[in-house]
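Note that subunit A is present in both complexes that follow, paired respectively with subunit B and with subunit C.
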Partner chain A sequence: MKLNPNHRAVLIGAALTLALAACGKKDEAPKTAEPAATPSSTATTPPPGAPSTAAAPSAGSGKISDGAVKIGVLTDLSGLYSDLAGSGAVLATQMAIETFQEQAKPDFKIEMVSSDHQNKGDIAANKARQWFDTEAVDVITELVTTSTALAVMKVAKEKNKITLVSGAASTAITNEECTDTNVHWTYDTYSLANGTGKAVVKQGGDTWYFLTADYKFGQSLEADTTAVVKANGGKVLGSVRHPFPGTDFSSFLLQAQASGAKVIGLANAGTDTTNSIKQAAEFGITPKQTLAGLLMFISDVHALGLKATQGMYLTTGYYWDRDDDTRAWSKRFFDKHKRMPTMVQAGQYSAVMHYLNAVKAAGTDDTAAVMKTMKATPISDFFAKNGKVREDGRMVHDMYLVQVKKPDESKAAWDYYHIRQTIPGEQAFQPLAQSKCPLVKK
Partner chain B sequence: MTEIFGVPVQALFGQLLVGLINGSFYAVLSLGLAIIFGLLNIINFAHGALYMMGAFLAWIGLTYFGINYWLALVLAPLVVGIFGMLLERLMLKRLYHLDHLYGLLLTFGLALIIEGLFRYFYGISGQPYTVPEALGGAWNLGFIFLPKYRGWVIASSLVVCLVTWFVIERTKLGAYLRAGTENPKLLQAFGVNVPLLITLTYGYGVALAAFAGVLAAPIFSVNPVMGSNLIIVVFAVVVIGGMGSILGSIVTGLGLGLVEGITRVYYPEASAVVVFVIMAIVLLVRPAGLFGREK
Partner chain C sequence: MKRDYLIMLVLLAALIVAPMFIYPVFLMKLLCFALFACAFNLLLGYTGLLSFGHAAFFGGSAYITGHLVRNGFDINFTAPGFLKFISLSVDTAPLTPELGLLAGTAVAAALGFLVGGLAIRRAGIYFAMITLALAQMVYFLALQFPFTGGEDGLQGVPRGRLFGIFDLTQTYTMYFFVLAIFCIGFWIIYRAIHSPFGQVLKAIRENEPRAISLGYDVDKYKLVAFVLSAALSGLAGSTKTLVFQLASLTDVHWHMSGEVVLMTLLGGMGTVFGPIAGAAIVVGLQNYAAGLGEWVTVITGAIFVMCVLAFRRGVVGEIGALFKK
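Up next, the complex of A and B:
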């Protein structure tokens, strides 16, 4: 058959279509991933052909392995969490490296690689192995979604390398699943539930009804918050579990409305949360009843607009407009990214900076030495005041209870929060006494 | 207050009304799919992406060009319709002589590309779109606080569905269309330009998707995956109603919205599955669907 130009165009089009579809296909899965999923059991199985011996680093004093410190940023670059972590987290890492090079003038080279883990534990674990085994990566960072964080933490422990977790939320990271080569930097579900739950009850919101995503993450968030509400003298009137992911929440919201609870706790995340909030405003549920977002980021508020979110309480580890330091750093970030940083992105910068400082101070990138220095050095930067890395790997720092501004109170783009309360680190995070981490000596 | 199985009657009515609103979306979307399948024999997997495109065009129009909601309600379907006709002429047309599966694969690929492009440019968290002023606020119906906008969704989608049904079942143009579904070769022999008819039909089908997208913009978050979240249910609706049946898709769409609404009251955990359970039962009992004819 002779190809006329017409046919050729179609063939090229079809080839392009297939190629692009193949690229796009990987994006499907993140919809079902969630911040606190259980790790897949295959995650720790090494792929066929992978070297089975753990790369034991030569415990060198004053030595940098392979001549350079190599940082791997493993994050969601295409899916559900790509706005709150994603390319912004890669940028934050780059900024941290550049700033460190300018200010500390280190005598070692620093390199960065990044990759999309697609919110899947097995992909993340395989990438981590590849980086550690063949590309001399010393530390893997970011790791939004608990499933990827837990999977990579295991690989890193096996290879005696460091992980710095910023975006993942589950408290399991520093409890049952804790490792001595990991630091959990930015926030966790305990600190969010605790901060928001306590504050809202204290403000008079003493009766609660939960709108819960019907899977493990939503249920544990509901359970955590229920405990906090009850401990502070509040009452939980009931809950409704919605399928995940959902689009229409009006029916569940009407049930929450009928319960007469003062506060509706949203134990869900991502577009489930934003859709719930949008529809609550539409049905006149807010402002008569208050919504409490239990896992919300500034990117969610930005997506919804202030009209739908005004008056909401939420807990965050970072807000750009808190003081001069945060404003200065956030402006640098905004100039490059055109969006203000989320707490995950700001925390990412802070974590990488702390790591690089520790390498310099220790004079080596040896895992044990760097971990020891990181835990021994307090953190005081634009992100965290009075920060400290605990023995379970939890970076404890002040959290902030914020309330979303009314549209007429917001003077500029991204001027979204009133900081209502600073929650000191010791109160914000789970006390060591309750820890289930074997590293914690009791 | 009277109760039905422990739920106050008033609350139940409220939930039914909410179900009807969702049913309206199902109806408009499945109608478009049904028309396309009827005439083109293409399972249009890109329907969800085109629905999302409609919503995004409304947002883009408002944000960058100051085009208001009412204008967007006309313009977005028009633009998406033209886009659809281009797709049909340039790509789908080549697949008519092949198995259904090829059309499905092509449209699935297209859906991924369109979603990927929007994700690349606009991120994943979505964009805000406010309810137009004239439809702000709500009516207090006693048993439910009905946002005016939701009322408008039900009314306008019913009108669109009925007009479409009327055109297809009661006019000359519709007669051509139905004839084309039955026997395109014979129709062509009578001097009707069948390829043009097919292109226009596809354009109209996807314009309906875009129309639903604009309707959805003020209610749901305008984000690149909004279509793929909905499209699976809509496919189930089409299968239950009977592939290609116009009236079937309208009635089934609304009906399943109601069933979902009731499930959400009595056993919310099952509300995402109930449509598929019904689909399984219908396929067992009436494989051609409730309103479909065995071929």
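Up next, the complex of A and C:
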């Protein structure tokens, strides 16, 4: 049930009327004071103060706050990123909860709420505060777009609650802005830039030209990749900056074409990337020169089609057709969602699962204890074979360099990638020694 | 007039008890946007100038306040390219919230003076386009300046202590602080509308050549109204930064300029309370419809269509018309 904000409004009205009608009745009072703690029809949470029934038995528990673990999924359900995160991420969370309940048979209840942050930091922060303050939410997950992720991380830190970031990309999340109550799960710009840069040079793409979105994100992506390309013996022939957001990339693409570089690095994101890929295909740039997407998802490839994207290199944290485990999970996901999962959605499942396992292992949903268990337990599931959570909150796992298939190589729908190389976690992500996170002891 | 005071008293009483029933942070957001819409209404509803760049004042001062309250003046600036000779280096302690708000408001007023001074030379669609163009320049600056954090936004702004006494990290203290700011801003607008100055503005709105023929320096009146509107929009933006402890590109994006037009039109432009109702509708939908997932845009759109069809004069305008009959 994700309707409860609306139900809440009704509930507040109803509770108010009740309280006014029956002023003398003392048992009505808690309802007005804490309306959202007994949300709508789900109503599985006992009112605060009532003895918790669910968390009573076994293994020294009874430490689950409000008798239930409540997971908030805050994501973009209606905007630009709803394809790569959105309702698929909500579904992944539901799947994780169901699977966990079947397999682990926990002695606590698990609930989920979800909401659309519309990619606005203030809406995200407001919702997060509301969830923590009035709805006893224990953990907020997904958080695509960095500005919303950072905003919610700050609120969570203040309230001493956990955030699990899957969709946001910036390395700031585990560097300058890191918190000890956050885990950054799926990927970040460093791992994508680093993975693609290093691997493409090794595959023979040793001359680069960058098409860069002219703002902080694009510039840092370009700088990171340039460093990697140079360190691996490649050469950067130049770069051109396009305004953000852009629609017409023709003049920039022609400069890239004229440079004669083997690889054109796309240091941009979202519609800028998809538009530049489309136009590169129209100008006949792509079969001769290779594009390297520095922030691309399978949903982008799906939207653009193989004809426009063929031959492109990109780094991803997850591809559905990698091994039997990924195929099995992705098929479950596909049956419900009718689309194959992006790395953000698969990572979301993995993150929620790891969190729930940690709650079970720790026997409590206390933030410090769960964070400790999450960091102490290695991750081994379909998503990450040998993952671990570092002290800066970075979840380190293997990344994959993939090349987009040619249309005639693709045998079925969503059969899009050749996996060219597995990049081990410690090489894929920013080394801990370089981290600017104050939590890292040097 | 008497009715206005009565409504104001009822509204104030409602707002004082409201946080017991409605989530206070949501109410604070509502108050900030209501002030923003009221300030905008001063220009659109009472002077007849449709600015499409008010996000620049709202977001610009949000960034200024956020930065000053978080880091103080730590300008270490050298202009790029041939402007290299312009450089500045200052470093002070972080500002207290009240000074941060004042600084944000002052910057918005100054920005309003610049934008207004250029834009009021034209009318109608050209006025709207000039304000939009200048606001896009502010957006561009917000995107490029290092202190704004670009896409990531300016995060982790401390709320601090008001006058060194009141701890604004307490939700209720913050709420009443925001309520006080809203009341002050609203009172300024109300007084401006009902003063001789406001009468002249209305005269300009109704018939500009006639106002000129009566001997009023129309441009000056327009400019003052513009600066006042910009300053109060800035005050709203600064307050919002303190409430949410962040400023982001959303605040300076032209969508925000559009949203405030929408709030004013929905509530009823040229009515005293209309923008408050409009802000409540828009912000309420954003917040409470968010749980509906991908349907949020469809539902919001449908409600707007219904409002436009059913309430031609805006919600409050329509109610006002009922009473007049």
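As a convention for this text, the second predicted complex is superposed on the first by the 380 of 442 C-alpha atoms of A that agree within 3 Å, B and C clash if a C-alpha of one lies under 4 Å from a C-alpha of the other, contacts with A are read in each partner's own complex, and residues count from 1 in each chain.
To be clear about the criterion, contacts are C-beta pairs under 8 Å (C-beta built on N, C-alpha and C of every residue); 3 or more make two chains touch, one makes a residue touch a chain.
Remember, it's a predicted structure, so these values are computed and weren't measured experimentally.
Colleague: With the two complexes superposed on chain A, say which partner A:Thr134 touches: subunit B (first), subunit C (second), both, or neither.
Modeller: In the superposed model, A:Thr134 contacts subunit C only, not subunit B.
Colleague: Output check: A:Tyr215 vs subunit B and subunit C. Expected answer is one of first, second, both, neither. What do you get?
Modeller: Touch partner of A:Tyr215: subunit C, not subunit B.
Colleague: Once the shared chain is lined up, is A:Ala303 touching subunit B (first), subunit C (second), both, or neither of them?
Modeller: First partner only.
Colleague: After superposition on the shared chain, which partner residues are touched by A:Ser170: those of subunit B (first), subunit C (second), both, or neither?
Modeller: second
Colleague: Just to be sure I read the superposition right, which of the two partners does A:Ser78 touch: subunit B = first, subunit C = second, or both, or neither?
Modeller: both
Colleague: Should A:Asn126 be classified as contacting the first partner (subunit B), the second (subunit C), both, or neither?
Modeller: In the superposition, A:Asn126 touches subunit C alone.
Colleague: Touch test for A:Thr146: subunit B only (first), subunit C only (second), both, or neither?
Modeller: second
Colleague: Give one of first, second, both or neither to describe whether A:Phe283 is in contact with subunit B, with subunit C, with both, or with none.
Modeller: Only subunit B; A:Phe283 stays clear of subunit C.
Colleague: What is the contact status of A:His117 with respect to subunit B (first) and subunit C (second): first, second, both, or neither?
Modeller: A:His117 sits against subunit C, while subunit B stays out of touch.
Colleague: Touching subunit B in one complex and subunit C in the other: list those residues of subunit A.
Modeller: 78, 82, 214
Colleague: Enumerate the contact residues on subunit C facing subunit A in the complex.
Modeller: Of all residues in subunit C, those touching subunit A are 20-23, 25-26, 29, 143-144, 146, 149-153, 155-156, 171, 240, 244-246, 248-251, 286-297.
Colleague: With touch defined as at the start, can you tell me which subunit A residues reach subunit C in the complex?
Modeller: On the subunit A side, the touching residues are 2-6, 8-9, 12, 16, 32, 35, 77-78, 82, 86-87, 90, 113-123, 125-127, 129-130, 133-134, 146-147, 150-151, 154, 170, 172, 177, 214-217, 244.
Colleague: Across the complex, what residues on subunit B touch subunit A?
Modeller: Listed in rising order, the residues of subunit B that touch subunit A are 11, 14-15, 18-19, 21-22, 90-91, 94, 106, 108-110, 112-113, 115-116, 119, 123-128, 130-131, 138, 144-145, 147, 149-150, 219-221, 223, 225-226, 228-230, 261, 264-265, 268-269, 271-273.
Colleague: In the complex formed with subunit B, which residues of subunit A make contact?
Modeller: That would be residues 10, 13-14, 17-18, 20-21, 23-25, 27-28, 31, 78-84, 214, 240-243, 245-248, 250-252, 254-255, 258, 270-271, 274-275, 278-279, 282-284, 299-300, 302-305, 307-308 of subunit A.
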